[in-house]
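For clarity, chains are labelled A, B, C, D, E and F in written order, and residue numbers in each chain start from 1.
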Amino acid sequence: MAKGLDIKLIKNGKRLDGRDMEEMRPLKMELGVLDRADGSAAIELGETKVIAAVYGPTKLHPQHRQQPKKAVLSVRYQMLPFSTTDRCRPGPNRRSIEIGLVIKKALEPIIFLEEFPRADIQIEIEVIQANASTRVTGLTAASLALADAGIPMKGLISACAVGKIQDKLILDVAGAEDSYGGADFPIAMINGGDEITLLQLDGDLNQKEMKPALDLAQKGCKILFDQQKNVLKNTYKVGDQK
Amino acid sequence: MMKINKSVIINSIQKGIRLDGRKLEEFRDIEIIPNYINKNPEGCALVKIGKTKVLVGVKMGVGKPYQDSPDEGVLMTGAELSPIAAPEFESGPPREAAIELARVVDRGIRESKMINTKALCIKEREAVWLVFLDIQILDYDGNLFDAAALGAVVALMNTKIPTYDLKTEKIDFEKYSGKLELNEVPISITARKISGKIVFDPNAEEEELVDSRLTFAFKENGNICAMQKGGSEPITKDEILDLMKKSSDQSKIIRKKLKNIKIDK
Amino acid sequence: MAKGLDIKLIKNGKRLDGRDMEEMRPLKMELGVLDRADGSAAIELGETKVIAAVYGPTKLHPQHRQQPKKAVLSVRYQMLPFSTTDRCRPGPNRRSIEIGLVIKKALEPIIFLEEFPRADIQIEIEVIQANASTRVTGLTAASLALADAGIPMKGLISACAVGKIQDKLILDVAGAEDSYGGADFPIAMINGGDEITLLQLDGDLNQKEMKPALDLAQKGCKILFDQQKNVLKNTYKVGDQK
Amino acid sequence: MMKINKSVIINSIQKGIRLDGRKLEEFRDIEIIPNYINKNPEGCALVKIGKTKVLVGVKMGVGKPYQDSPDEGVLMTGAELSPIAAPEFESGPPREAAIELARVVDRGIRESKMINTKALCIKEREAVWLVFLDIQILDYDGNLFDAAALGAVVALMNTKIPTYDLKTEKIDFEKYSGKLELNEVPISITARKISGKIVFDPNAEEEELVDSRLTFAFKENGNICAMQKGGSEPITKDEILDLMKKSSDQSKIIRKKLKNIKIDK
Amino acid sequence: MAKGLDIKLIKNGKRLDGRDMEEMRPLKMELGVLDRADGSAAIELGETKVIAAVYGPTKLHPQHRQQPKKAVLSVRYQMLPFSTTDRCRPGPNRRSIEIGLVIKKALEPIIFLEEFPRADIQIEIEVIQANASTRVTGLTAASLALADAGIPMKGLISACAVGKIQDKLILDVAGAEDSYGGADFPIAMINGGDEITLLQLDGDLNQKEMKPALDLAQKGCKILFDQQKNVLKNTYKVGDQK
Amino acid sequence: MMKINKSVIINSIQKGIRLDGRKLEEFRDIEIIPNYINKNPEGCALVKIGKTKVLVGVKMGVGKPYQDSPDEGVLMTGAELSPIAAPEFESGPPREAAIELARVVDRGIRESKMINTKALCIKEREAVWLVFLDIQILDYDGNLFDAAALGAVVALMNTKIPTYDLKTEKIDFEKYSGKLELNEVPISITARKISGKIVFDPNAEEEELVDSRLTFAFKENGNICAMQKGGSEPITKDEILDLMKKSSDQSKIIRKKLKNIKIDK
């Protein structure tokens, strides 16, 4: 990465892919894309495409890993070997292990784990194609897959990445903005609200930029949350009872 | 998934009609989506056979050739039975089943001489294209062998070759120099025996009852370039000849289907 | 491998090592070559040399791998590092794991596994020196080692490889025939009979060649089976009661 | 170690004074020993925060640069939670916690652009200096993130570069050609929430009760170059702004402490 | 390694670092250097610096590794990545596994393992900086750490390395003597006495040199043993009751 | 294998005659078969000591030399205690016992300077011969150390060096350019103590009762080039001198035996 390099990422007031500063890429969500899993969802955010599946709750094996008062959540995040420009080797690596961990921590607050003592809830996230924002999109999809699996939850997690190019905050980092931009700030919120369950930062942020950056992330999370509600409503054909 | 009693499935097969209404030798619907994703992989296909879904992608890389074939590119095939597709596929290093799957798919492609490996030579003894063929099972409902092999073939059919600069040793993935040169299109068909009956394309529940399986890879001229027997029951010589004929017929149906879809972007 | 290359593998009607098309290499079988194993056998087929050993039936550990109604068969096939022209790294690799699997499947039909519930029968095959046909020779040796261990069986497994050079089918592929021949067709049969328990093919076979190829394989398996019976008879000095 | 009842710790925190007498936002004593060992590592620091002891060492090596930065040296950061520091750290391949620790420390250094990586180029495209930064936890009593990050920064501050002969491809570790060029000194501070209270620098027993943590890496100008949230409880937007301010203040205290110690040999 | 090379390791009757033939490097021992461990010790021998920690006795998990009549001793010896001139990769390697094994065997004779059936005593040795003699110094430190942990023992283990330069036996090999000397002879003794619990040799020793070499090792072990006793006495402020 | 009562074995040893009729210091029959296989390995030996059978092979390869010995070939020794030899040897990555065995055999060869490593230089700094020495235990009945060391020595004694073409970087394994140059033939002998008695060459059941063992590698001039103590009981200084003398005598017997067999093809 060569963040901060002198490459013009804004031309004529637009980003390189023609978006406004606070505009997300085209977004598609689909539920139940897999038959075998207990719940599943696919999300396309521009060229980034992920699938998440949920298995469980099932009795956890081996027994010594069981928790007597709650379910154990496990999350595996993986990029397919052909999902990136240069082939990435299959199997876990340090990056994917860290991301699996922060996604797990981001989901734990919303799941009623205590309803399923000694059980296992297993989440599998496959990044099918990567053009930045894979961890946040994977997390958003995982939240939908949990809903699709009927796991009782306090809310939905919606997550997006705020960035910075030529000193302007932008929503939904993509392409050259990821390689040459000034910050990558992935954030997850509960129901597009005030509570943050995932937050990381790579880059350079003035302390005064923190509030606007969080506000912009919330704007993105709200867009995602609305679409999550829509796809759930349309799929299950229930009335809009927020 | 509610488990259906095994004897119900077997009784039905004995009568010649399966629980989902298919005849014994009938495949489920096959859907082929070439270029399912098309930004990063050089070639790609999603294949659905019934509920089984297999995503295959091709990435090109550059590396040193093998010493005994200094002017030929190299195919490397991997398969992941990751737990997204079925809870019984635990993650971790590829196990027996995934290794067998990858190697059988690889063998069909390699032995048919599908890829013109000489055309992948960049500079003899120094640099050749590596073709990384990766098979990802997304949803498991039986018959992985045929779905994976079909996906692999389609992904290779739409594979493009990036440009490579020998001096800077850089691949430019944004600019393609041409398509992967193919000599052949092998089609793999796997016949199974369940309680003495020949069955094609089992779903996951039928797959558990398979006594033996035999995979054939057929070339365009009908010749066989790869075979693999599986399962713990013997097959007789006569049965092999019978399975060969029936599988050969099936391969023609799939070959026709392939002709009718647009594979390039 | 450069199969099908333009190298003359038949000269004056003979193969490069002087054999006729349907002639096997010199064959030697020996039982009980190891003291510690419950059963063992060594086979030399030309320069290919393998040793197989059997341990068991013994109680299987860990318990959760036990099968309540039958013994579990495990097969490890391994090439010694110095058994090949270029040194091969010790430890399992993808090729050896696949071969261990097909050999296991080839032996399961003949063993009365159901006589030993919860037990383990462990087969170790070491390729001491390789000049083609190592999997079939290893399998043939494993079958003998099982007999030497006194494991009850429905029959013996005999296995050989059929090949193709200059459009002619040949028995017992070796040397340059392996590297430059038109096919490698390893086959295993029960008691040299009609029932096939291992079958693989690399190469190019016309559908009309299938029957003659199977017949030729059977010819080879019968030769092996006769010698297997002989070595068992001579070792245990029992009458020939087929 | 006798375990103290959790509720006792929490009650105490609720009252604003911890069991060891500290205020909620107060750090334990910090002791920094630059060049703790000085024969073999190119840079080294032992940092003690209370009873927590972290030893960080830097070794320089030479290797090929990455293709997309052919004239830049490479930082590689590893962390070992080996069982010498606590029996619950089993040895073996680095697990989640050690990986997160190493990556968060690495991120603070990398994103602050602390190291002048261009100055580590020996010959473009062929040879650059590799900076191996290894973090060894010796004694665990909480707050590894801040101790490890501080040790890493000090170790880099006293790192010297050996001489390298491109022809013989040999590094002469006895003869230094200069110091590692630094642009910046990032300071990492981790704020925690326990039962709704903001707490800094927890010991091992407090650490077990942490609901959420937030690590900030601050540059000299006060800007933030890296963050990482941990723990299973949410943090609100307002809390983040509050934690940022308090952490920023803490970073200034530690920055001042750093100024007052002699870091070079 | 290029042992025996023609490099003068004795100049004006002194070794390269100025020592006499039978002189050890400056030695520092410290107890209780770590807080979390049940016992710990650090030793500096010239530039070689090691820390050893002891955890236990604690109940051994998993249960099937327990010994019904004694404690199980486990020893991990590890060099930190930056402890050597060229960085060494973290994690066990063949050398460190062998050294862990011989150190374990060297400690077993002195510990009353039978007093703690089903228990685990775990020893961790970290080589912080290496300038030869790391295994013997690690072993000496481990023995001190066991005493610091209050594990009942028959005695202390003291260990040093005898070497050979220009046909003269030397005590406490270091620096170029390790790379270019004629022998490396690490030896451990109980209470600086006659009983040897670790012994290895790399090099070239005339049979007549064996007795003087053992005697010289004993001289070194006695020096170490005296200092071990001193540091224990000073730390625990007990009378000298040998 | 029916287990014999341990006390029966020990009583017998105390009386000075072992259960198989041997005296305490007596070896079982040693059979050495050089070139046991001779097509693919460059050197090979099968050694049987009683029922223990060890197969050792040497393969030559070409690689880069170590930086600190740029004109010397490299010996690499591996040992496999694979479960073919005994059910207690589980397969998998080499464990403590296999590692110790390989390293002790390696040390005897290396420290005796048996191999003329300078003669293995193909081109300084670029290419040297690698000598891969692999020890495979086929049948385990005690005393692996002496059997493996003897097999290793004999395999090296009949090792031939292939030809290598620096330009094409190809080894021609069909055409040998000469023999491996040897300076020395080390003989390893391991003395054991069981219940206070000195015993040589234990079988598997005796091996379980060994209190301590001491391996010596002797050079032709009688000097000792490697030693390794094993076992959990101490040995006194005097005992070492005694074991050295007895082992030295044993080594002469084996050295004589080696002289009397034809080692080359």
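We adopt the following convention: contacts are C-beta pairs under 8 Å (C-beta built on N, C-alpha and C of every residue); 3 or more make two chains touch, one makes a residue touch a chain.
Not measured: the values here are computed from a predicted model.
K.L.:
Where centres are the averaged C-alpha coordinates, which chain has the largest centre distance to chain A?
P.N.:
It is F.
K.L.:
Compared with chain D, which chain's mean CA position is the farthest off?
P.N.:
C
K.L.:
Find the geometric centre of each of chain C and chain E from their Cα atoms only, then give the gap between the two centres in Å, rounded to an integer.
P.N.:
Chain centroid spacing, chain C to chain E, equals 52 Å.
K.L.:
Let me have the rounded angstrom distance from the C-alpha centre of chain C over to the C-alpha centre of chain F, please.
P.N.:
One centre to the other, that is 32 Å.
K.L.:
What is the distance, in whole Å, between the centres of chain E and chain F, each centre taken as the mean of its C-alpha atoms?
P.N.:
Taking the mean C-alpha position of each chain, the two centres sit 27 Å apart.
K.L.:
What are the residues of chain A that contact at least two other chains?
P.N.:
There are none in chain A.
K.L.:
Please give the residue numbers of chain C that touch chain F in the complex, ascending.
P.N.:
Per the touch definition, chain C meets chain F at residues 34-37, 47, 49, 51, 53, 55, 58, 76, 78, 80-87, 90-92, 122, 124, 126, 128-131.
K.L.:
Give the list of chain B residues in touch with chain A in this complex.
P.N.:
So the residues of chain B touching chain A come out as 1, 37, 39-42, 44, 51, 53, 55, 57-59, 61, 78, 80, 82-87, 91, 93, 132, 134, 136, 138-141, 171, 173, 204.
K.L.:
Mind pulling up the chain D residues that touch chain A in the complex?
P.N.:
Answer in residue numbers: 68-69, 94, 96, 99-100, 102-103, 107, 110-111, 113, 214, 219, 222-238, 240-241, 244-245, 248.
K.L.:
Would you mind writing out the residues of chain A in touch with chain D in their complex?
P.N.:
2-4, 94-95, 97-98, 100-102, 105, 108-109, 185, 190, 194-207, 210-211, 214-215, 218
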